[in-house]
Each structure stands twice: as C-alpha cells, then as structure tokens.
Amino acid sequence: MSKLRVIVWGENVHEGTHEAVRKIYPDGMHNVIAAGLRESGDELVVSTATLQEPDHGLSEERLAATDVLTWWGHAAHGEVKDEIVDRVQKRVLEGMGLIVLHSGHYSKVFKRLLGTSCSLTWREAGEKERIWVCNPGHPIAAGLDRYFELANEEMYGEPFGVPSPDEQVFISWFEGGEVFRSGNCWFRGNGRIFYFRPGHETYPTYFDGNVRKVIANAVRWAGPQGTWVDSCPNIQNPPEPLDVKGESVH
Amino acid sequence: MSKLRVIVWGENVHEGTHEAVRKIYPDGMHNVIAAGLRESGDELVVSTATLQEPDHGLSEERLAATDVLTWWGHAAHGEVKDEIVDRVQKRVLEGMGLIVLHSGHYSKVFKRLLGTSCSLTWREAGEKERIWVCNPGHPIAAGLDRYFELANEEMYGEPFGVPSPDEQVFISWFEGGEVFRSGNCWFRGNGRIFYFRPGHETYPTYFDGNVRKVIANAVRWAGPQGTWVDSCPNIQNPPEPLDVKGESVH
Amino acid sequence: MSKLRVIVWGENVHEGTHEAVRKIYPDGMHNVIAAGLRESGDELVVSTATLQEPDHGLSEERLAATDVLTWWGHAAHGEVKDEIVDRVQKRVLEGMGLIVLHSGHYSKVFKRLLGTSCSLTWREAGEKERIWVCNPGHPIAAGLDRYFELANEEMYGEPFGVPSPDEQVFISWFEGGEVFRSGNCWFRGNGRIFYFRPGHETYPTYFDGNVRKVIANAVRWAGPQGTWVDSCPNIQNPPEPLDVKGESVH
Amino acid sequence: MSKLRVIVWGENVHEGTHEAVRKIYPDGMHNVIAAGLRESGDELVVSTATLQEPDHGLSEERLAATDVLTWWGHAAHGEVKDEIVDRVQKRVLEGMGLIVLHSGHYSKVFKRLLGTSCSLTWREAGEKERIWVCNPGHPIAAGLDRYFELANEEMYGEPFGVPSPDEQVFISWFEGGEVFRSGNCWFRGNGRIFYFRPGHETYPTYFDGNVRKVIANAVRWAGPQGTWVDSCPNIQNPPEPLDVKGESVH
C-alpha cells in the first residue's frame, strides 16, 4: 500500500484564548489529532495546517498533494476565506477525502459540500455520551466494541440538518435524553466525506483511544479509491462538449 | 381525496394466552390500532384481519382492493404461510403501502421485502423511551413536537440489521442507554414501507395519542401515489420482452 | 386540497438576444411553462418572475408565500445575486419545493443545494431523446407511458456530477450514443428538489404534452408536506440550545 | 494485502445444451470468468463451483472460507436449493461480497437479498451496448475510459425492479433505443453486492478486456472490509438480549 498523505487542519483559536483548553491541548488540538494518526500506522504521512498560516496552510500545491484532510473549527468559521473553501470543495470533488470533526458541522467547507443548514441542538453540561455502532461491518467501525463511552462531552441533538447519510456508522446516546447521528458517510463527486461528532475543546476527547481509532479508520476509508488519479475523467470541471455526432454510433 | 382502504393485520395470539395482554387489549391489539385509525379521519376505510382467519384474512381479492396494510406479529411468525407472504410482497411491489409495527421486524413479510436479518438487541424492563423527530418536515412527523415519550416500553437497540432507510424520520433514546432507528421509510417497487418501533404487547402503547398520530400519518404517506393503478406498467411481474428491434429508432 | 402557490422563474435573456428562441417563445419561456402549469389544474396558483425584476422577482415576502419554485437559466447564472441564492436556499430548507429545468443544472441555486460540480457533457445537434421511466409508481411519472420522445433536443451525457438521487424517475437515451439521469429527486432539509433535463431554448420542448405533464406532476410532488408549516421546528436556522439538563430524564 | 478467496459459481447448463454456447465456452462460462480473475493479480485465490456439484459446490465449510462469490445463472434458477440460498444470504450478511452477473438478476440469491421483483425488459438481437461510467471515481470503474462498447449483446431495459442502488457506477445505452442501470452497488448487512449487466451466453462477453477489468475491480471492492471478521458482532443472527438494566448507566 502506498503512503496516504493527510493534513490535520485546526482553527487554533480556543487554545490561545481559553485557559481550560490550553491546559488540555497546550500544543493545539491539531497536534494531538495528528499524533493519534501518526501512532496508528506507518502508511500515513501526517502534517498540520492552521487558520493563521498564509492561505490557512492550504495552498493549491499542498492540497494537490493531499489525500485526506481533517477539519476542526468553531470560533472562527467566518474567517475562513471563501477562496480556500472553493479550493477544498474542488479537491474533495476530485477525490480527496474529508473528515469533519465536532463543531466543524458549521464550517463553510462542510455546509458548502452538503448544501443544507447543518444545524442541530446542543448543551454543554459535561454529560456522558455513549456512541453505538449501527454498522458493525463498516471499516470505520473496525476494532470497536458494540459501543464506547466518553464520560464528559458536549451534547449534540437531532434534528441534524444534513442530507440522509449514504452510510450510517454511529448514533450517539446522551445522558440528558438526546440522540444524534454521530458518524455519517457521504459520497460527493469522486470524494468521500465522514462527519464524526465528538471533540469539544474543553474535554480531552482526542486523547481517547476509541476516538483515535475511529479517526484513523476514517482517514483510511476516505482516501482516494482505485486508480482515479491517473485514469478517470475529472468530474469537478465540466468535460469538453462532445463533438457533434462525433461519438455517434451512426 | 378518494378513500384509502386499510387492513390492520394482527397476529392475535398473545391476547388469548397472556393475562397481562388481555387486560390491556381485551378485543385484540388489532382492534385498538384500527380504532385509532378510524378516529383519525373519514377518508380511511379500516378493517382488520388476523392469523386465525382463512388465508390469514388476506385473500387475493381482498388484498387487490387494499391500499395500505399494517402488520403486528410476534409469537407466531412461523405460522404465516409462505403463500400469503408471496401475495403480500407482490402487492407491495405493485404499490400497496406496508406499515410494520414493533416485533413485526422479524415477520416473514418484512424480512422478505428487506432481504436482511432485521435483527436487533432488546430488553424488557418497562423503561422510558423518548422518540426524537430527526426529519421535521416529513409528513409522518406532522403534528408532533420535537420528541414524545412513552413511560414504559420494551427496549430495542442498534445494530438494526436493515438496509439504510431511504428516509429517516425517528430515532429513539432509551433510559437504559441504547438508541434505535425507530421510524424508517423504504421504497420498494411501486410501494412504500414504514417501520415504526413502539408497541410491545404488555404496555398500552396503541392507546397513546402520539403513537396513533404517527400510524395515522404513516398510512396516509404509504398510500399508492399518483395514477399508477391505471396508468403504469406493472413492474412486479416481468414485462413482455420487447419486439426484436421493433422499438428501435433505426 | 388547498391551493399550491407556484412561481415560474425565467432568466429571460435568450428570448431577447436570439431570433431562433424568440420565434418559439415570443413571450418568454417562463410564460409558456406557466401556461402549461395553469392548464394542468385549478389547484395551482401560478405566477412568473424574471432575472430583470428587482430582487429577480423573489422578494422575501413573495418567497415566504410560495410553495414551489421552478428555475430555468443558462446565459446569466453569474448575474443572479448571492443574496437571492441565500434566500432561495433558506426557503427550500424550510420546505419550499424546487424544480430545476435543463441548463439550470449550472445555476447557483442548484449548485448551492447539491454541493457538487453538477457538470455533464453536452452536444447541440437537434438529435432524438427518448426518456425512459425507471420508477413507474412514482407520482412524477403518473400518466406517462413507458417512455416518451422528443424529436430534437440538446444532448446531456454522463457523468452527471450530482449526489446520488434519493429517487430516480427518468433516464434518457440519445440518438448519438449517450445516456443521462434526466429525472432525479433529492430531499434537502424540509424541502424537495426535482431536476428535469429537457428544455433547450432553441426547441419547442415546453409545448410538448409529456414534458408539461412531468412538470405539472413534479410541482405537485414537490409541494410542502403535511402540516410542517405550522407545527414543525425550523431546521434551517439553528434551534435554541436546550436548557442545561433541563430536558434530562434525571 | 492478504489473499482474497473467490468462488466463481456457474449454472453450467447452456454450455451442455446449446451448441452456440459450447463453441464460445467449451469449458464452461465459469472457467472463463475464473481465468479472467486469475490473470488480474496474484492476490486472488480463485476456484469454481457449479449447480451440478453436491450442495451446488457451496458447502458451509467452503462458504465460510470465501471472501467473494460471483454468480451466473439463467436456465435453472428454480433448481437451486432453498437451503443453499439461505446459506449464501447468511454469508453475505456476515460480510462475504457477492457479484451477480447478467441473467443472475432473476436468481433466487439476488431476489432474496434485494426483496424486489428484479424484473426488466429484454430483447435478443445481438445489438451494440455502450456502457457509460457515471461515477468515475468509483473503484469499480478504475482503469476504464469514459465508456466502453460491446458489439453484440442481449438488451436489458428499464424499469429494472430493484431498490435504488447505494452507488451507481454504470448505465448502458443500447442501439435499439433502451437504457439500463447496468452497474449497481448495494450494502446489505456486513456485505457488499454488485450487479453487472453484460454476459449473455451466446456472445464472447467474458473474454472482453473491459468486462474482465470490471469484474476484477468489483471482486476487490466487494471483499470484506476492515477487521469485522474478528471484531464485530454478527448482525446476521440476533444478538443475545442485553441483561435487564445490566448495561444501564444508572
């Protein structure tokens, strides 16, 4: 298997402004997510990018050489430049995988690719979340038990304003009485998208072994499939019009 | 709007063998479900059928004159004759709606139409179920609040061994820690199928106002669409082979 | 059945700049589409709107009082203001139906709601299109035969860069050797979207009886469902956060 | 990558009864399909099985050690024992991939897993089929051009009586004027199913390079995913009921 090139994108704002977040993630959430991926296997080549870098760290050249992008944002969705959103969307439609984490549900990138409100209900009460596997044969659930728990998380509740997932991997149960479709796959263009709910910045969620396993599985699932890079027509940009009758059987 | 002809099918076994069930449903569960539908509006013409009748009450003639069938069974799935299962499947593919209730998930009819195991986990502990609407614009959720509760129900848990629903209307939360896709739509042939989870025989679930509202909505949603009865080719039986080149443009 | 309020939106550019188009549609394509809808039944209240009107004829007040919007555009997609695109998207997610016609596949509104490139191949050669019904029980196919033909149309070919349709109603065959998914349904938020391929401006497609039947069926299918207008939470805008533990069962 | 164990199942009837078929496939169609797979790469371990063998060559032991099964049948669907159909269905739901070829659309196995009529129209006229890729990033389309052609094939036409495919890879155009969804993916239980249309017994279709490429790609796509074999609950058989309140958070 060839190497899979992954960028872990972090908004990197809360880490500087909230003491509680800095305590858990002194080097930024993105570096912890990246560390989890690195320890999952040698076939991943993992780097990071943040909002504060030029082009948010996502130049055309860099994206062109990326197989999977993970996205965490919350406080500064509005500061992400539309030009970069265009660029990410284009690459996903060309075949780059995209893993959207937690509050990334309201990112420009996710809303652009799904076309819906992506709204939900929420409550920050440090309550228990139990994440159920509803598709045990799915590669993103590989190595998990029937469910796993996070002792303290922010609650997200239905209705989740997204198109019906193409594959439903997880549904969450919350101590306070809500449910949420928390692990959802969509196919868009040549690309694969996975949304994974947990990951509030005030809890050490990205140190959790099961959460790391899910993200590592998802990155592998979302990688470009087959030989599309070399062989398939690019369906992101309109193909040339066919010659008049030139392809006709007559 | 023309009348919608509905058959409420009941296995009608527990009512005779379990004192607890007889107390709640002395005239049978099917008669209570039918009463709920009748009070929902004059445009429904509702009758009942049971396992014990000849042909289980589902003769060819009667099914041919039926728009929607509801199905509750549990103890005697194996006694339903395969010939009747064939007949029901054929009618659904022709366009008859089918509403499968609670333990009907293991009925021959449901398993035949979905093709999967339809398995789930369960626990009978009279616990609280909270049913969340995750598709508030769907006609089956019309008139409901964001969720409704049943104080005592049997628990059903994921993984639910069914194909991905074509539309997801409800997801249930259980006091004991499980979740379940509890209101699911599938399109099969010309017909529409809705599975609705609640309805254990030892609880008065089919007297609940919200449960009755859902079943009444579902029956209207599942009715044959448009003018298919008169105008469309029957895709249940193989169409005739086309004439050799007879339909050709050459 | 209450009245269904429909706006037929037309870009209205080719009619003024191309003699060939003006000959077929001297009063504009939108007026011919509207006339077809009006003759389909009294329960439709049909009006038109064009690019050239203030707000492109789509003020907030008017959209709020609209059940279904049809959209034809081609030469001037770029002139549609983003503010109006936002408004249309919001209304679809609230429950307004949207029928996108022919070259509207590249409209901002359609691309916004689907999130993909919406690209395809094309050829303008006045060739024969044969439109096959692949879902004969679907209400949008009501009253049609197994297929219908248009003697002269522009060709659109696969790959069509859209998410998998939630329901597939038509697939087109072209004389020159291509195929195309030409009648596709998607559910987005509370709203229903239908894309219908035929309708090139240099052919009298919108006078065709079968084409008119499809659009009339589609408008009825796409109308808001059930009682969502009064009863359901609005999933377009984020709901209020739930009270901390206020909804808890504990 | 570990080896993928494949059984190519052949009905093996026409080859003995039709001179025209014997001429093309003197050793049976299954042996030609198997040869195509073997030449596609060393990671496949390919064997064959036929209707005439005990248990149709599909003992419990052998199926338990199989990753992907391909199925071609036509004249003798009715002779396949229901017990073997049960067995194949169970293994697919456990995670074995299934590739159904051409007239296998009416096999008991396919109809059991999809639950619909699987009907279609047909015409045997040796006409041209052009197979379009409508999902160029899909691994089953890897290495293909935008379309490929078969000079002489039986025609299959819409409506194809199947549930909406979870992924649409190919749509066919026929010289005589029909279209057909000819490369369709479904997820069922832990297993993946692919239907591929071409392959009439009187044409040398399984010697065609593109057809061989598609089947080889499909076998790889359909193989069991991730580590389900060892780690996931079996959703084919009902899980044990959960302990009463034993898993509760209370």
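When the chains are written out, they are named A, B, C and D in that same order, and each has its own residue count from 1.
Here, a contact is a pair of C-beta atoms (placed from the backbone, for glycine too) under 8 Å apart; a residue touches a chain by one contact, two chains touch by 3 or more.
None of the values given here were measured: they were computed from a predicted structure.
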Please find the path from chain A to chain C through touching chains that uses the fewest steps, and give that number.
1
If you tally contacting C-beta pairs, which pair wins, C-D or B-C?
B-C
Which chain's centre, taken as the mean of its Cα atoms, is farthest from the centre of chain A?
B
Gap in Å, rounded to a whole number, between the CA centres of chain D and chain C
36
Distance from the CA centroid of chain B to that of chain C, rounded to the nearest Å?
32
Flagged in chain C as touching 2+ other chains are 130, 133, 136, 146, 157, 159, 164, 166-167, 175, 177-178, 187, 189, 233, 235, 249
Show me the residue ranges of chain D that touch chain C in the complex, using the header's touch definition.
130, 132-136, 146, 157-160, 164-168, 171-174, 177-179, 181
Quick check: in the complex, which residue numbers of chain A touch chain C?
89, 93, 112-117, 119-125, 127, 155, 157, 159, 161, 163-164, 166, 175-178, 186-189, 233, 235-245, 247-250
Across the complex, what residues on chain C touch chain B?
1, 95, 128, 130, 133, 136-144, 146, 166-167, 175, 187, 189-191, 217, 224-228, 231-233, 235, 249
